[in-house]
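In order of appearance the chains are A, B, C and D, and numbering begins at 1 in each one.
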Amino acid sequence: MPILDALLNGLTLGGMYALVAVGLTLQYGVARIMNLAYGECLIAAAFAAYWLFSGLGLSPLLGLGLVVPLAFALHWLLYRLLLVPLVRRAKSRAALEVDSILATFGLLFIVEGIVLVLFGGNYYNYAYLAGVLDIGGTPLAYNRLLALGFALVLGLGLYLLLTRTRGGTALRAVAVDPVAAQLVAIDVRAAAALAFALGGALVAASGVLVSMFLTFNAAMGVVFTMKALIVVIMGGVGNLAGCLVAGLLLGFAESFVATYLDPGLTIAVNFALFLFILIVRPNGLFGRASA
Amino acid sequence: MTLRQLLLLTAGVGLLAAAALTPLIGSGYAMSMAINLLMFTALATAWALFSGPTGYISLATVAFFGIGAYTVAVVGEALPWGLVLALAAGLGFLVALVVGLSTLRLRGVYFVIFTFGLAELIRQLVTWYEANHAGSVGRFVFLDISQAQIVWQLTAVTAVVFLLGALLQRSRLGLTLRMIGDDETVALHCGANTTAAKLLAFSLSAALMALVGAIVAPRWTYLDPTIAFNPVVSFQVLIMALLGGAGRLYGPLLGVIPLVLLFEYLSAHFPNHFSILLGVTFLAIVYLVPNGVAGLAERYLGRPRPSQPAAAAPAQPKEGTS
Amino acid sequence: MTRAPILTVDGLSKRFGGLVAVDGLSFSVYPGEIVGLLGPNGSGKTTTMHLISGALKPSAGSIRLGGDEIAGQPPYRIARLGIARTFQLVRVLGSMTCLENVQAGLAFGPGALAGKAAAQRAHALLERVGMHPLADRPAGELTYLDQTRLELARALAVRPRLLLLDEWLAGLNPSELVEGIALLRALREDGITMVLVEHVMDAIRSLCDRCVVMNAGRKIADAQPEAALSDPEVVRAYLGDDDA
Amino acid sequence: MKLRRCSKILAVTAALAIAGLGAAHAQQPSSIRIGYAVSKTGPYAGGATTTTLPNYQLWVKEINDAGGIKVGDRRLPIEVVEYDDRSSSEEAVRAIERLINQDKVDFVLAPWGTALNLAVGPVLDRAGYPHLAVTSVSDMITQLSKRWKNAFFFGDTSANYARGVVSVLDQLRKDGKIGDTVAMVSVADQFGIELSKAAQAALDKAGFKLVYNQNYPIGTQDLQSLVNEMRRRNPDVVLAFSYPPDTIAFTDQAKALGLNPKVFYTAVGTAFPLYKQRFGDNIEGVMGTGGINPNSPAIKDYMERHQKALGKEPDRWLSPVTYASLQVLQQAIERAGTLDRQAVAKEIRSGTFDTIVGQISLQDQVYSGGWMVGQWQNGEFQAIAPLNRDGARPALVPKPAWK
């Protein structure tokens, strides 16, 4: 049934978009770092999973257990060593934005360069969990379902974590108003470092998951960075529910356009949808108007 | 005219003259470098005409650049060259006008990503049109335009960009743009029609970018949407302008020169470690030159306006200015 | 009073979703008057100022400046017609010098000045608010007090027929307050009509010819200061309604 | 060498203000300087580092191991200057200009891809360098070879590739192995669209029924909707004029969603070792662009040398052709007995050369002896079209269902 196909495809696609964007929501929404090296980190994690899988025979699911904590630690260090000086010298949010764009632009090249030296510019992929589940005549690959599942669990889990726990409340406070957060004795820098590292762990997780069904090479990071930025901005900066909804919306748009209109227009329609939403809601779907 | 302005003017004219002379005395490679430097200088300075004072950071550079290039690909052989260039600039201006009407109420990062999305949307639409209605997605540009002519045309456009920038700074439009950058609400309540000012500046800057795209297009023989609308160009221009300092007319130039030379040096010497070294150097620059190259230069050459508290401390007003 | 009002507000309303911030407000301001716009927090004073200056578009009602209907017009056009304003939280053009801030006010609308003439006029205006020595200082580096004075100079540069001051005197110490009040009074002597939102009662008593008092978006009093402030409904609005 | 290049760069910088004076080249060459700029990074890197770069490295290594190229009575080893064009036209043009003007190389090897070969074409033409383009497939080739007298094209026109595919289908239908329904998708760029237009025309002419014909944006890896649409139409033949990442994705999704036509064809990337690694036994019967004759001793030997020297297999479309183009260059230099580029170009234009893909001679600067269609048969990408050429085998149809 075409409509079921389109729905399920849209769901898995949208889940992937949301999954890819969740980490950036934290990094940009809370830590205020516009991380242009985001996609490169995703690709690096994909390569790590590939290497663990084809080199050591370690399943990507076990790989997650290794890659994710490592990414968390690396991102935490990154924030502490590289970004804190920028945060310290920034006079305003706008200044930090410019500085973080410049710094992570440099970082982008470094990460990509390291991947290039290790793996070259070639395409890589492997198959894992490529089996198929049949839902009402529409087959769905397990690995894509897994990515969708992770997106939902991570999105909702983080949403609950942020809204229902003390630590989460502190993070949200930092996102909304760092100065006021400081006044109520929240260690803003620690909170931002935590958010950045958490975002790094999430992007690594999505890199591992996505590597199970996409072909990747060292140059593809930018594609993911931009996709993630679109989803984050469309959902409203720092809003996890928005991120999930925006991702799914884009996924559905893409699969319905491909099925019923013209597959050549999928990306065009996605961007048009994004632009339209911003015109109607200048702060994204769930964004608050800033003062 | 102060001594400082005179110096800047002389330096500017000297640089442009040097660029214009490369075809006469330099090799094809020197011309190639001149084209690269001029292209990015014109683009980054045109970018800063609008984005510098207003603080609206645009990633749509390549949308307009690509529109210019595509104009050449489509009508380059059918029309006289002057008309092609005029058409390219006109199209860039018009598209920016339409886009600006819907976009310019977005602020901050929403504007940044919107402009990026816009460039991608245009690329996708051009691709779709070409694939379904033009028969092939690639286009060939065979025009009798030599490298030397490209250098001279770019020199002329760069001169125009700077001239326009200088005029803009002295004009009420320039003042309005700076007010918008500081506080748009205040600007509005001072009687400034900010929407018109933003639209005009955005479109002017877009027209110039389209012009640059049109001039450079014959150099590549072959164009497709991926080449013409390559988002990397937008990022490069943004980074160069920000690094140089987008607040001054000559700021972007100070970012373009070191970065183009750095790119070139690293590509020529470390083709296998280009990325890593570029990244490391870039980070070093960001950390060591916090206020942009223009800020660094001014620390040593003196500031145009006494805006440092130390410089203006007890400050009897200068009689000369009133 | 037979003079024609300079500002006529009639049936003005503003709704934000379900919340009615201003509800059928009507009042007039006559040339040369200083009118105080009072009311407890959240009563709609600042919203009213935004509506008059064009920062917000009214949901209903009319605002006339002299003979011109200005309700719903964009703020820059209202400014060019002769309404200048200051902001509740002071706003200056931070990267520009004080002189440029004032020149920014001079640059638009009928009678705009540029170049030498603008510089001269801007210096004169800075002198008027006592900031002449700071002309070349970037506005962002000024103290709060100096910024409020600069804001006033910039508003004056717009050549207003009507000046809207939103808590312009807030945060001044007693001696600064005396200076500030004197300055406003001097401006009135020059023929500038003012509407001011103010909490400083001394200032209201000594400056205002008349007070419009608002509560929950509606006008509850419109009288001379003493009379308005002793109005029982006004007292109840300020002190809370114990009887209800 | 580093230092000398460094000083040259400084000289170049100065050349913007003063005359550019390259370092004088030695009169008696002790080596052949050969330069190339290929995409080691950027979107083209996947293709360039599979097909182009490894063969350049292999060729240089083999020649230098043998003592060099014989020029006159001396053997001159190859000295390489290499750059990364970062998949950018502007960068490629400048890199070539750098090679010619600054590094003063004797010969320049072609970049990867149609776009970059076309971008550097005018530069090489102006400077009189032979331009041996392999990885450029375009209908413009015939026109370009008229315009650039020193340009040689070892890839074919899109129309020929499309006709090759249709000739295979036509034969299969004649043999009663397939019906006449075809579903086709193509990547929306010049290569994909040219091929799909040409294929559409040839299919119409041959009386095939096109039940689905769409294109998708470049970079798309989610083709499930397309695959589902095709599956619903149950065609005999599925053609995808795709690029490597989408070739993999399309195959993967066809397999997952159970799209099992009698003929399954994907374009660029089908011949890559990556494809074989990824799909293992499932590749059996898959058709794609290119192909080799696995029984040719020269090809067998080449595959072994490639594996040994570079630790990986070559792709089975343009890798052997790339290597052959280098052999052509080498033999032309040896026959000319000089490093004079005009003389060498003249040799290439008129000579016949002995290469791993057989005897090569160029007609109007174009080599059209390449394989059009290959099919994975027993782990080898066996050439099947042009049908009657020596080394071609009949197609295996129907393709076994995905496992």
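In the analysis below, a residue touches a chain if its C-beta (ideal position, glycine included) is under 8 Å from a C-beta of that chain, and two chains touch if they have at least 3 such contacts.
Please read these numbers as outputs of a predicted model, since none were measured by experiment.
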Far-end chain from chain A, centres as C-alpha averages: C
Chain ID, smallest distance between chain and overall C-alpha centroids: B
Centre-to-centre distance between chain D and chain C (centres being mean Cα positions), rounded to whole Å: 74
Mean-CA-position distance for chain D and chain A (Å): 36
Centroid spacing, where centroids are CA-atom means, of chain A and chain C in whole angstrom: 47
Distance from the mean Cα position of chain C to that of chain B, given in whole angstrom: 41
Multi-chain contact sites of chain A, meaning residues that touch two or more partners: 112, 116, 262, 264, 267-268
Sites on chain C at which at least two other chains make contact: none
For chain B, residues contacting two or more additional chains: 124, 127-128, 131-132, 232, 272, 274-275
Chain contact graph, described as a line, ring, star, complete graph or other shape: other
Pairs of chains in contact (touch as defined earlier), listed by label: A-B, A-D, B-C, B-D
Residue ranges of chain B touching chain A (in the complex, touch as defined): 55, 57, 102-103, 105-110, 113-114, 116-118, 120-121, 124-125, 127-128, 131-132, 231-232, 235, 238-239, 242-243, 272-283, 286-287, 290
Chain B-facing residues of chain D, complex: 2, 5-6, 9, 12-13, 15-20, 22, 40-41, 43, 82-84, 86, 88-91, 93-95, 97-98, 100-102, 114-115, 118-119, 121-123, 126-127, 138, 140, 147, 188-190, 192-194, 197, 215, 217-218
Touching residues on chain A, where the partner in the complex is chain D: 2, 5-6, 9, 12-13, 112, 116, 120-127, 130, 132, 138-139, 141, 213-219, 223, 254-255, 258-259, 262-264, 266-268
Residues on chain C engaged by chain B in the complex (per definition of touch): 53-55, 74-77, 79-80, 84-85, 87, 91-97, 99-100, 103-105, 107-109, 112, 114, 119-120, 123, 132-138, 141, 154, 157-158
Chain A to chain B touching residues, read off their complex: 28, 34, 82, 85-86, 89, 94, 97-99, 101-103, 105-114, 116-117, 222, 226, 229-230, 233, 237, 262, 264-265, 267-268, 271-272, 274-275, 278-279, 282-284, 287, 290
